[in-house]
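See the structures that follow.
Paired with chain B in one complex and with chain C in the other, chain A is shared by the two complexes that follow.
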Partner chain A sequence: MNKNNPIKLTKRGFHWIDERYKLTDLFSFLKKKSVPQYRATIWYYFGGIALLLFTVQVVTGILLLMYYKGTQDLAYESVKYIDTKVNFGWLIRSVHSWSANLMVLSVFIHMFSVYFLKSFRKPRELTWYTGIGLLLLSFAFGFSGYLLPWNELAFFATKVGTDIVGEVPLVGEYFLKLLRGGEDVTGATLSRFFGLHVAVFPGLFTILLALHLIFIQRQGMTEPEDWKSKPVSEKQQIPFFPNFALRELIIWLIVINILAILAVFFPWEIGNKADLFAPAPEGIKPEWYFLFMFQVLKMLPGKMILINGEFFGILMFGIGGLLWILVPFWEKRTPIGIRNRLLTYFGIFVIIFIIIFTMLGFYLD
Partner chain B sequence: MIFPQEKTDQCISCHFDLEDKVAISYKTDVHFNKGISCSACHGGDSNSDDMELSMSKEKGFIGVPSRGVRINSCINCHSNAQIMKRYGSTIPTNQYELLKLSVHSKNIIGGEGFIVDCISCHSVHDIASVRSKSSKVYPTKIVELCGSCHSSAEFMKNYNSALPVDQVVKYRTSTHGKLNAQGDPNAAECINCHGNHEIRAVNDPKSTVYATNIPQVCSACHSDQKKMAPYKIPTNQYSLFENSVHGKALLEKHDINAPSCNDCHGNHGAVPPGVESISKVCGSCHALNAELFDQSPHKKPFDENSLSECESCHGNHGVSHPTDEMLGVNEGAVCIDCHSNQSDDKGFFVAARMKEIIDSLQLERDETIKILDEAGKKSMDVSDAVFSLQDLRQILIQSRTKVHSFDLEKYEELTNQGFEITTKAKSEGLASIENYYFRRKGLGVATIIVTILVIGLYIKLRRLEKKNSSA
Partner chain C sequence: MADKKTSEGKSRRDFLSILLSGGFFAWFIALLYPIYNFLEPPGEEEVKISHIDIGKVEDLEKDTGKIIKFGNKPVLVLRRSNGEYAAFGAICTHLDCIVQYRKDYGQIYCACHNGRYDLNGKNVSGPPPAPLQKFGVSIKGENVIVFEETK
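Let's look at the complex of A and B:
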């Protein structure tokens, strides 16, 4: 074989990089990295799924950005152009929309699995907080992105959604104007949301995601509570590379295929262009992940304990959300090895609550 | 106070002796003949021959009733069925109630009382039965009576300055007006159309002359064979009209823009202003069709042969919704009423070709809609193509108007634009359907590749895990 053999060339290339960046150290780290194998291992894959879907969002988002125009006059037309005239534009847009929804779903599942597995406990508090930050940013991505096609449903849903912000006493009105770029949802709101969606949120998300991943790599995968009392020989582990990575890759391929099926069989409709002077059409609803909150606020009476019903609802959601976020601070039993069933029941209650009110939101007018 | 007929009426006796003109004229009044004394309206004691006593306040004498209350003198009896029955009268007793609903019941300027009350029309001391020729409201006299106010711009400006004051002048040019002037009491005059006591504004839906009510008002006479017999005119106009495209729009859809009888025949005058004859009335609404016809080769022969233009093909009262079947040389087409398959009859071939073109365009449109529907059902976005069909719809409407030019070249110029639209929209629809299947095939291929990859990776993983466990 001559010295230009491709295998030899690759080895030389690797040696060149390894000499400078110490790749061997990284590989030995990956070889040592392992993942606990037990009945709940399946939930460990959802973080990876969310990561894959975020990557899909970035790639499809950049492609859409090449044709999308973020102004009141051109937004709808540009999306229509992408859908009908750009090669595979329909696929890119549909994948972007479906992937956004699946990403929020994966982040939700990931968060609940972390909660039920009590993986937020010391020393992983910051991983939990960065994760919560990523969930909130996913919501913000969804809310801002929903308006961008500038269609009727998105316009009125944004109007209703931002109205809720205006209900917050003292600062509500200020934030409402800040969010909308004026008194009402207009082209100024669209420009604002577009800027946030493609510049501000991705930047923040990347920083938080990097921190989240660094924390996980530094601390390793969390082990189940009852492993503390087990001898090392009984703690079954699988190597992260290649075993866990291969499994994750199989799941990623399946998720990509599901995305393609959804995009082909259920292409994301664009609807009618938003008309600022038209009356709101019937059945205006926010995206499914805001639906439970929307439905609860809708069902609350006008007055609750001497205060405005809607404000009461916002207050309750605020307190509940804060309790949920601060769980690593107030939950003291798990870190000292005591099972905390109450925490599990609370989590189950939250899931049932979300499912019931989301379904009511779907089926009730 | 009503005096029995047998008693001597001192009011009449004295005033007649004094040769009072009012008293003399009252002797011709229908009320005098019924034994009703002056005191019934003026108060006082008609039994007393003492002037001071009979015309004293104590006896209730009021002299000439004021403008505001004079109507009470009439309605005291005419709104009381019992009193009217006592005098053997069969006339209705609801005139006052109807008058209150009328435009005439508004207050007069600068005073009290209706603009028009009983004596404004029926007179005062020489009131005659409405059937009597001497009555002020007898059909041959009523036009001038109404005109006494309605023809006076000075008077009318006080109450409705927008209302024209030339109705009587116009009426006299109409057939109704001419017959009326000849003394025909059966010819329609003001109250036949506008009603008498309950006259409402023409824009009041309850008015007898509101657009949707006019056909019934006209047909009250014109559908009456007995009434129309002396004039020797048909009586089927209403039955034709109510089934016509205009009649259905007006009477069923209550579209007040649809023509009623008066829109073609005129109301007070003979024809609407600015139109020379009834046959050209259609052009006042269907202006484009009329203009095209005027420039068409048909214009000259129609004029020469005194043929009515639109009416020859579309009919008059029973005009139905025009269909494409009216065009061409097949059975049901109106063109073959005059044209025949002769080598020198160019019109026959033009008609046949026009029909062929409109049929093809219609077929192309139907086929395009079918294709776009199919694409839409497959969730493909064909909204641009669907939108372009709006232009086609416009072209189809225009082409049906363009027929009236009877110019094949101009007709083809327009319809070719329609064919261009269908060709483009159809190809977009077909491309979308093709794209739909391409997407599915692509998904199928991608799924096979992903499945092979997943199986391959799974086998690799199983081998790896087996190796690890054996090690």
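Let's look at the complex of A and C:
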């Protein structure tokens, strides 16, 4: 046999690295890693789906950067150019938009499953908080990316969204100017959003993601609450590698297919170019994941007992969001194995609330 | 070397540590100060105009409205069905969208959140918390002049 056949070469390469960086330790760690198998195991895949979609975002985002121009005069035209002239430009942009939406969706599902399985409890508080950070960054990615094509809908959505920031007492005005790069949404806003979207947010996201994953590796997967009193022999586990990983891989394939179907058959619209001196178009709506908040703000009257209706709405969402984020703090530690019903009901209420107002946002007027 | 306490109970080590941490703190502030200020956008060049000629009286049909550029602000000029002119700042007082005149409602309308104002700019329904900013209109000969009303 040839001394340089590929298998031997790979082995030699592996040995070379292993000798220096002790890869064997890493592999023995991966061999030991396991995932509990029970009725909720399916929810364990959604973090991985979000991770896949984030990777898709990074790749397609870098590709779009080759042609996109982040200025008021050129942004819309460059996106149009990507859609019409660049080979497969329409596909890359459509995948980027669809994948963004699916990513937010899977992050949502991931968060709710963690909430209902109470996986945020000690000792996993920091995994929850880094997860919340990643969720907020996903929103920030969505919000800033939405403006980049510089079309009408995005322009007004950004006006409204940033104006809401301005409602926050004391610091609101400052942040409004900081975000917009001035008093109004202009080309200055576009430049800032572009920079945030392609440099600042990806950097922060990567750091938080690394922490999030390291925490999970250090602590292992959450076991269901009623397992704590069970003997080890009754706990059904599957090895992470290769069993869980291969299953995740199949799910990834399915997700990539869904993504391809959506991107090809429902290519993302570009709309009309933003005009700073044209009235807001009919049916302006933010991205679906902001829709429930948008709908509530829309339905609140201008004045509510002494305070401004929209301020009241923002205040309520602020308090609600904070309660949600701080759940590992306020959740009354119930004895091991007992479910905290109140927590479950609260979660179900939040989901129903979000679904109802999202539907209203879609179907009203 | 052992710390020698002075009469006030402070050692030389304490003094040095205050000096160093204070110095570090000052250095840190000096680092942040330009960044903080860099991010604050320079004051916009306010396009100082007091009035603008928007053309002939007959240019705008009765019962219609249009958005004009008043410096860098959008202003809604509308002509009521009786031929009278009126002008308002076109920025919705709710969340900053740009309003429009809707003939079918006979009202000024904001499409973002269904805010409505009557033809005097007063908020009449929906979420807007305040009336639109009023602008003055005067007819000079054939021409319509829109001007900012002094408060």
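In this text, the second predicted complex is superposed on the first by the 359 of 365 C-alpha atoms of A that agree within 3 Å, B and C clash if a C-alpha of one lies under 4 Å from a C-alpha of the other, contacts with A are read in each partner's own complex, and residues count from 1 in each chain.
We take it that contacts are C-beta pairs under 8 Å (C-beta built on N, C-alpha and C of every residue); 3 or more make two chains touch, one makes a residue touch a chain.
None of the values given here were measured: they were computed from a predicted structure.
**Student:** Chain B or chain C: which reaches more residues on chain A?
**Tutor:** C
**Student:** Figure out whether A:Tyr115 sits in contact with chain B (first) or chain C (second), or with both, or with neither.
**Tutor:** Neither partner.
**Student:** In the superposed arrangement, which partner chain does A:Leu246 touch: chain B (first), chain C (second), both, or neither?
**Tutor:** A:Leu246: touches chain B, not chain C.
**Student:** Based on the superposed arrangement, let me know which partner A:Ala280 touches: chain B (first), chain C (second), both, or neither?
**Tutor:** Only chain C; A:Ala280 stays clear of chain B.
**Student:** After the superposition on A, what does A:Pro301 contact: first (chain B), second (chain C), both or neither?
**Tutor:** Once the two structures are laid over each other on A, A:Pro301 reaches chain C alone.
**Student:** Give one of first, second, both or neither to describe whether A:Ile270 is in contact with chain B, with chain C, with both, or with none.
**Tutor:** first
**Student:** In the superposed arrangement, which partner chain does A:Phe290 touch: chain B (first), chain C (second), both, or neither?
**Tutor:** neither
**Student:** Let me test your reading of the model: by the given contact rule, A:Gly182 touches which partner, first (chain B), second (chain C), both or neither?
**Tutor:** Second partner only, chain C.
**Student:** For A:Ile256, select first, second, both or neither according to whether it touches chain B, chain C, the two together, or no partner.
**Tutor:** Only chain B; A:Ile256 stays clear of chain C.
**Student:** How about chain A: which of its residues touch chain C in the complex?
**Tutor:** Answer in residue numbers: 156, 159-160, 162-164, 177-178, 180-185, 188, 276-284, 297-298, 300-303, 308-310, 365.
**Student:** Spell out the part of chain B that touches chain A in their complex, as residue ranges.
**Tutor:** 379, 381, 383-384, 439-440, 442-443, 446-447, 450-451, 453-454, 457-458, 460-461, 464-465, 468
**Student:** What part of chain C is in contact with chain A in the complex they form?
**Tutor:** Residues of chain C touching chain A: 39-41, 44, 67-69, 72, 74, 90, 92, 94-100, 110-114, 123, 126-129.
**Student:** Taking the complex as given, what residues does chain A use to touch chain B?
**Tutor:** It comes out as residues 80, 83-84, 90-91, 238-239, 242-243, 246-247, 249-250, 253-254, 256-257, 260-261, 264, 266-267, 269-270.
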